[in-house]
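Presented sequentially are two complexes of chain A, the first with chain B as partner and the second with chain C.
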Partner chain A sequence: MLSLYHDARTPVHALPAGVKLSILVAVGTAVFFAGSAPVLGASLGAVALLYALARVPARVAWRQSAPVLPFLVLIVATQVLIAGWVVAALVGLRVLVLVALANLVTLTTRTSAVVAAVEAALRPLRPLGVRPERVGLVVAMTIRFIPVIKEQADLVRAAQRARGVERSTAFLVPLLVRTLRLADGLGEALDARGVGSGERSRRSRASVRAVRTSDPQGDQ
Partner chain B sequence: MELGEQVRSKDIALVALFAAIMVVLGFFPLIELPLVPAPFTAQTLGVMLAGSVLGARRGGSAILLFVVLVAIGLPVLPGGRGGLGVIMGVTGGFVLAYPVGAFVVGLLTELCWRRYNLALALLCNAVGGALVLYAIGIPWMAVVGGLPLGRAFTGSVVFLPGDAAKVVVASLAAVAVRRAYPLVEPRERAGA
Partner chain C sequence: MIELSGVGHRFGDRWVLRGVDLALTERRVAVIGANGSGKSTFARLLNGLIVPTEGRVRVDGLDTRKRGREVRRRVGFVFQDPDVQIVMPTVAEDLAFGLKHHDVPKVSIPGLVDRALADFGLAEYRDHPAHLLSGGQKQLLAIAAVLVTDPAYIVFDEPTTLLDLRNKRRVVAVVAGLAQQVVVVSHDLDLLADFDRAVVFDEGRVVADGTPAEAVAAYLALLSG
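Right after this comes the complex of A and B.
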């Protein structure tokens, strides 16, 4: 599993993830109120300068932004038909600025830094029962389990092929049931590490083993 | 039964694993359906299955986690796409609607869990897995793309046959999984 992060040592990379994300949100809001082509054109130029400053190779930038092009073409074409060239250009520029800037944040910020920023942003929600540190944990767990599930999926597929079955439910149901079974063992492993229900893990991580037998798990 | 704020470890495991399933579904050009032109993404199938198999809270959380993975820049959407650019883009509304859709599918499934059958499964999945996604994704497309709502709607009609097929597949799978490994906790009406 590769991240889209493109490593380099530049001021853009060095900017804290939280700052970059805040700027993105601010610009994302601003472009919808910017109604003049020169302003949007200048913004696009500024984003291009940032790409240069971040030393993102053109090839990487292209690969990241190319998927949006078919939609962009479609939308601009529709706009030309219904609202004329001026509006079409505005809308096209707006989408381009947003997507390019968002991709720049993705390309220059490590996944772990983004997770940390998200955790920090969630901290004020703690009184509501949100536990930010869990976000980091589950994100790491999911990334770790993607190859495992992929392997399971390939296995199930191979088994169906061997029997000459190609129905999609015949693929999905075994995959789902296998994964759900996997969750049983994984849940126990988490309990053993004191990640389970909040009360206990907050009290003490060291005494987890002693307390863990009293887990009131009602699942069958 | 103080489930409200407590999160059981098994639930965390289910949420993480299901988010991984969602990613893996994106790897497969899945499902060679006859008649229907290749569906763009098998991942809406994951949205429906998450709600149908895990219920509202866990299903919604699993898909929300998937969206977090997209947002933090992992290439987990079909074709190795990912990052904030996708979410800010024209089709971003559909991605943002995924967790809501999974939650709604789960909620409806919980409500009819005792009498759950294929017909009810089809209904739950069609409402949560298709209608909810359109209700959020299409206006988003209209706003970001500066299109009138009607145009955005007609532009999305191409997805309809594929989505209908996915509703059927998800419902068949949901009914089968319920028989093999029931996990949803039914919503009781007034202290049953």
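Right after this comes the complex of A and C.
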């Protein structure tokens, strides 16, 4: 779901995000009750047909799914050792169907549509104090900032390697500092872009800046 | 007009700005100063991201302490690092985000997004993940996301610091072409050469205020002194 939307005009793309997510939840539940290889194989075939209907090129589907394969291999290998080949094959098929379908939802649904669907689903909970817009924003920002934090982690690793440190437990501290700075800047940006009153975040930022006053990189 | 009267600000026990009295009436105002001179705090005071510890900041008569939300709608802010400013996963979604939070009618948003994408040469990146844009494209997106909400004033906090020469020139051209009043905080003296006014900060105080040539001369004298 890291914003890998593949644009096309197809019935799969046109399906509302809420419907796609509901189908994903329903299928995800059903495949874990399905105990026969033919049923799971047919499910996988149906998902493949949906990929064709959505006109997702094979290389795009592969690029999206490839990172999951090592985990799939690990799960199947563990199941072979614990429960034997038959159960391992069933588990592998279940995971494959679920991952393929989830990736199809990702490829055919804009993040904004997913966020709108989450907000719509949470709206009945508003009387209980749930703020759907805030939850939606958190979902969107999580998707946006996972790659940004990964970039920060890569930078910290590169800086440590440049200084001759290949592996260090001190990796997490600079990453945490960078992430907190990012969060601080992000709070400001949200205020500047019209989200929230700014009062609460200003107070928290004042304390962060007070800590930063000895920071030679922090321009005041 | 943006007015500051008797403005001071401190973080903890440390004063980072003192005794700032300015009325920003010119269309393009530059703010320069060394690291730690208080210029970034000054920039954040202008749209109420920070409220002053003492004194008042008013935008069109609105006090940033009392009417912060309205002030931020009038004063757009472009951050030095676009990665903190872009909050949505894709280019078009980020442009739509600001509009949604400025209460622009839903039906108008797609058209405004399309126009901003075209104006900033980002149309082909409409559904592109923001984290995969180049540094220059990210900065252009950050500027576009502010401009699309049609603010009366725009504050730029070192908009070219993280850019290469080519992207810097693109951003400079965009800033030069803006109809709004702009306040640009920058170390980049070339960027400010044809501004209407430049203000120099040092140790939290305004030490020079005049034409860019005068201000740059004062700044360079300060650095060499």
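Operating definition for what follows: the second predicted complex is superposed on the first by the 131 of 220 C-alpha atoms of A that agree within 3 Å, B and C clash if a C-alpha of one lies under 4 Å from a C-alpha of the other, contacts with A are read in each partner's own complex, and residues count from 1 in each chain.
We adopt the following convention: a residue touches a chain if its C-beta (ideal position, glycine included) is under 8 Å from a C-beta of that chain, and two chains touch if they have at least 3 such contacts.
Bear in mind that the values here come from a model prediction, so they are computed numbers and not experimental data.
Colleague: Taking the superposition as given, does A:7 touch the first partner, chain B, the second, chain C, both, or neither?
Modeller: second
Colleague: Output check: A:143 vs chain B and chain C. Expected answer is one of first, second, both, neither. What do you get?
Modeller: both
Colleague: Between chain C and chain B, which one touches more residues of chain A when both complexes sit on the common chain A?
Modeller: B
Colleague: Scan A:182 for contacts with chain B and chain C and give back first, second, both or neither.
Modeller: A:182: touches chain B and chain C.
Colleague: Can A:191 be said to touch chain B (first), chain C (second), both, or neither?
Modeller: Both partners, chain B and chain C.
Colleague: Could you say whether A:134 touches chain B, chain C, both of them, or neither, answering first, second, both or neither?
Modeller: first
Colleague: Check the residue A:64 against both partner chains and state whether it touches chain B (first), chain C (second), both, or neither.
Modeller: First partner only.
Colleague: Using the superposition on chain A described above, determine whether A:111 touches chain B (first), chain C (second), both, or neither.
Modeller: A:111: touches chain B and chain C.
Colleague: Check whether A:48 is in contact with chain B, with chain C, with both or with neither, and answer first, second, both or neither.
Modeller: neither
Colleague: Could you give the residue numbers on chain A that contact chain B in one complex and chain C in the other?
Modeller: In the superposed arrangement, which is not itself an observed complex, chain A uses residues 2-5, 111, 137, 141, 143, 148, 182, 186, 188, 190-191, 195, 197-199, 219 for both chain B and chain C.
Colleague: Show which residues of chain B lie in contact with chain A when the two form their complex.
Modeller: Residues of chain B touching chain A: 1, 5-21, 23-24, 27-28, 30-33, 45, 49, 53, 65-66, 68-69, 71-75, 79, 81-91, 143-148, 151, 155, 169, 172-173, 176-177, 180-181, 183.
Colleague: Give every residue of chain C touching chain A within the complex, in rising order.
Modeller: Going by the criterion above, the answer is residues 11-12, 14, 16, 35-41, 44, 47-51, 68-69, 72-73, 76-77, 79, 81, 83-90, 93, 96-98, 101-102, 127, 129-131, 145-146, 149, 204.
Colleague: In their complex, what parts of chain A are in touch with chain C?
Modeller: 2-5, 7, 110-112, 137, 140-141, 143-144, 147-148, 151, 182, 185-186, 188-195, 197-199, 202, 205-206, 209-210, 212-213, 216, 219-220
Colleague: What residues on chain A touch chain B, complex-wise?
Modeller: 1-5, 24, 28, 32, 64-65, 67-68, 71-72, 74-75, 78-79, 82-83, 87, 90-91, 94-95, 98-100, 102-103, 105-107, 109, 111, 114-115, 118, 129, 131, 134-135, 137-139, 141-143, 145-146, 148-150, 153, 166, 168-169, 171-173, 175-177, 179-184, 186-188, 190-191, 195-199, 217-219
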